[in-house]
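Two complexes come next, and they have one chain in common, chain A, joined by chain B in the first and chain C in the second.
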Partner chain A sequence: MIVCVAVVGHQNNPLYIQSFTEADDALKLHHIVHCSLDVIDERVNNPKKSGPLLNETFLGLLYPTENYKVYGYLTNTKVKFILVTTDLDVKDADVRNFFRRFHAAYGDAVSNPFHVPGKKITSRTFAESVSTIVKAFGLSSAG
Partner chain B sequence: MGREVSESCIDSLVTEMVFSFCNRFYADKSDLAARRIEAIGYQVGHQLSERYTMERPRFSDHLEAIKFICKDFWSEVFKKQIDNLKTNHRGTFVLQDNRFRWLSRMSVEPSLETGQEGENKATEAMSMHLYFPCGIIRGALSNLGIPCAVSADISNLPACSFVIRIKA
Partner chain C sequence: MIGVGKIKQYSNVLDKPLSKGKQEVSLSAFSFLFSELVQYNQTQVDNIAELERRLEDAGYSVGARVLELLCHREKGNRRETRLLGILSFVHSTVWKVLFGKVADSLEKGTEHEDEYMISEKELLVNRFISIPKDMGTFNCGAFVAGIVRGVLDSAGFPAVVTAHFVPVEGQQRPRTTILIKFAEEVLRREARLG
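Coming up: the complex of A and B.
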């Protein structure tokens, strides 16, 4: 199950962060997202260490914690997507698929003429499509 | 895939936008009008670049990003690629389009064809139409993390070239 997704701008400014848990652990999840920003910076600046293809948008597993796995994605426009999940046996293909759909939703959101670039995404349509994508991820990895 | 739009609608819209800004909102203040039109282009380019760079690896240097503008971006927007790309390898790039779509149906008013003054007027009127594509290029590149200045000049209709100067 995905517990948190985040969109972070190129100056590491949060554009969108949403947790999907019942419990009151938003702060903890935000902290995990915050920590992962450093890992992304490290991956991007020292591309030797990263296993997958050079300059791929999908950054792979950033770091596993005891209860969570954190995945990252960096677009061409230097916007970071971060995914925190509680599933410990996740297929890479599922995560890639998730990020592809998420990127499409993000593209739609920033093409909204009322969206101000660099400001938080407040669109309700974006929130809805994100939660649809998040739910779909749960189904595909369970099956 | 992407949705399609009528080309004649876009042509009319661009022409009307340029006309409105030059002759109604900012009549006699052509530099202000130019800046407004460029700003609209900037926003359009900014949004388009997000969409068109989806599912492709990140660019490692400026040249790769400029090549993307010349090939994929230009094909998406104008259904053709840039015909010639020149660079001095110090941050200046010249993109030449031998048949720029938004100028291909433009002609000079016969009364202006003679005389130096008329020629200047015609060039000025045409150059107003190039602020919008300049803004598109600048918006796309700055969204890719490359701040730059873009200008255009018309050599002979319908060819035109865009000069990109990357800010260090």
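Coming up: the complex of A and C.
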């Protein structure tokens, strides 16, 4: 079950945060997303020679907390996508697929000439396509 | 047998098979739009430098978005961290997506360490433009320079990009060169990466 998705700009400013649970713990999710930014910075600036390539876009599992798993994805423009999920048995391929579709929706939102880069994404179409992708992810991993 | 091996020519445009959405735009449509863009900006400014800056700003937003889209559509894309990597990316991939062919050449400047040049015999945007004599060295390729600056800036390589005409003997129209001058921090980071 995906709990939250977030898009963070290249100066670590939040561009879009959306939570998908009914519970009112938005603050905790913000905090988790914020902590994961540190993990990303650490991965990008200090590459382990035996670890994943420095310029790979999908960063994989960033860190597991109490009952959440956090996945990261970094684009060419240093924009980061964060995915927080409570599923315990997500397959790597599913997450990659999710990020690919998310990246497509993000590309469409940014191509909007009225979108100012660096400001929050306010497009309703983007919000709708994100919820569609999240629902599809929930169905595919449950089946 | 007669006729075998001949390429099918479609005399009627309605007979052509529907394209699979190859992201092609007609040159005339783009040329009209670009000429309107230049004309509109000309009425808003007082001098040449301002006009050039406005065209470059227009290109900058295009460049930022192009990078985001290309990053997603390219199969097996890797985030470019090296100078030569991002330059060859601009020179081949970006040029191919925007103009349908790779740029003519990519050279390293001889005088300064941080200068690189992408040159093109005839920029697509300049194809139907001739600059009047009283505008001096103005080049509508400033739009393309803005695109390159947008791509480099969004990828983390801040640079100053300008477009220049370079006269070539034996050719009536001069060659266009896009001059890229990288910022200090880019060179320092490159030296650190080794």
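Heads up, the rule we're going with is that the second predicted complex is superposed on the first by the 137 of 143 C-alpha atoms of A that agree within 3 Å, B and C clash if a C-alpha of one lies under 4 Å from a C-alpha of the other, contacts with A are read in each partner's own complex, and residues count from 1 in each chain.
The criterion applied here is as follows: contacts are C-beta pairs under 8 Å (C-beta built on N, C-alpha and C of every residue); 3 or more make two chains touch, one makes a residue touch a chain.
Quick caveat, the model's predicted, so the values are computed rather than measured.
Contacts of A:Pro117 after superposition: both chain B and chain C are touched.
Legend: residue contacts after superposition of the two complexes on their common chain; A:Gly107 is shown touching both chain B and chain C. When the two complexes are overlaid on their common chain A, residue A:Thr65 makes contact with neither chain B nor chain C.
In the superposed pair of complexes, A:Asn76 makes contact with chain B and with chain C alike. Counting contacts by the rule stated earlier, residues 10, 53-57, 74-78, 100, 103-104, 106-107, 110-111, 113, 117 of chain A appear in both its interface with chain B and its interface with chain C. Within the complex, the chain C residues that touch chain A are 61, 64-65, 67-72, 77-81, 154-156.
Per the touch definition, chain A reaches chain C in the complex via residues 10, 53-57, 74-79, 100, 103-104, 106-107, 110-111, 113, 117. Residues 43, 46-47, 49-51, 53-60, 143-145 of chain B are the ones that touch chain A when the two sit in their complex.
Put simply, chain A touches chain B in their complex at residues 10, 53-57, 74-78, 100, 103-104, 106-107, 110-111, 113, 117.
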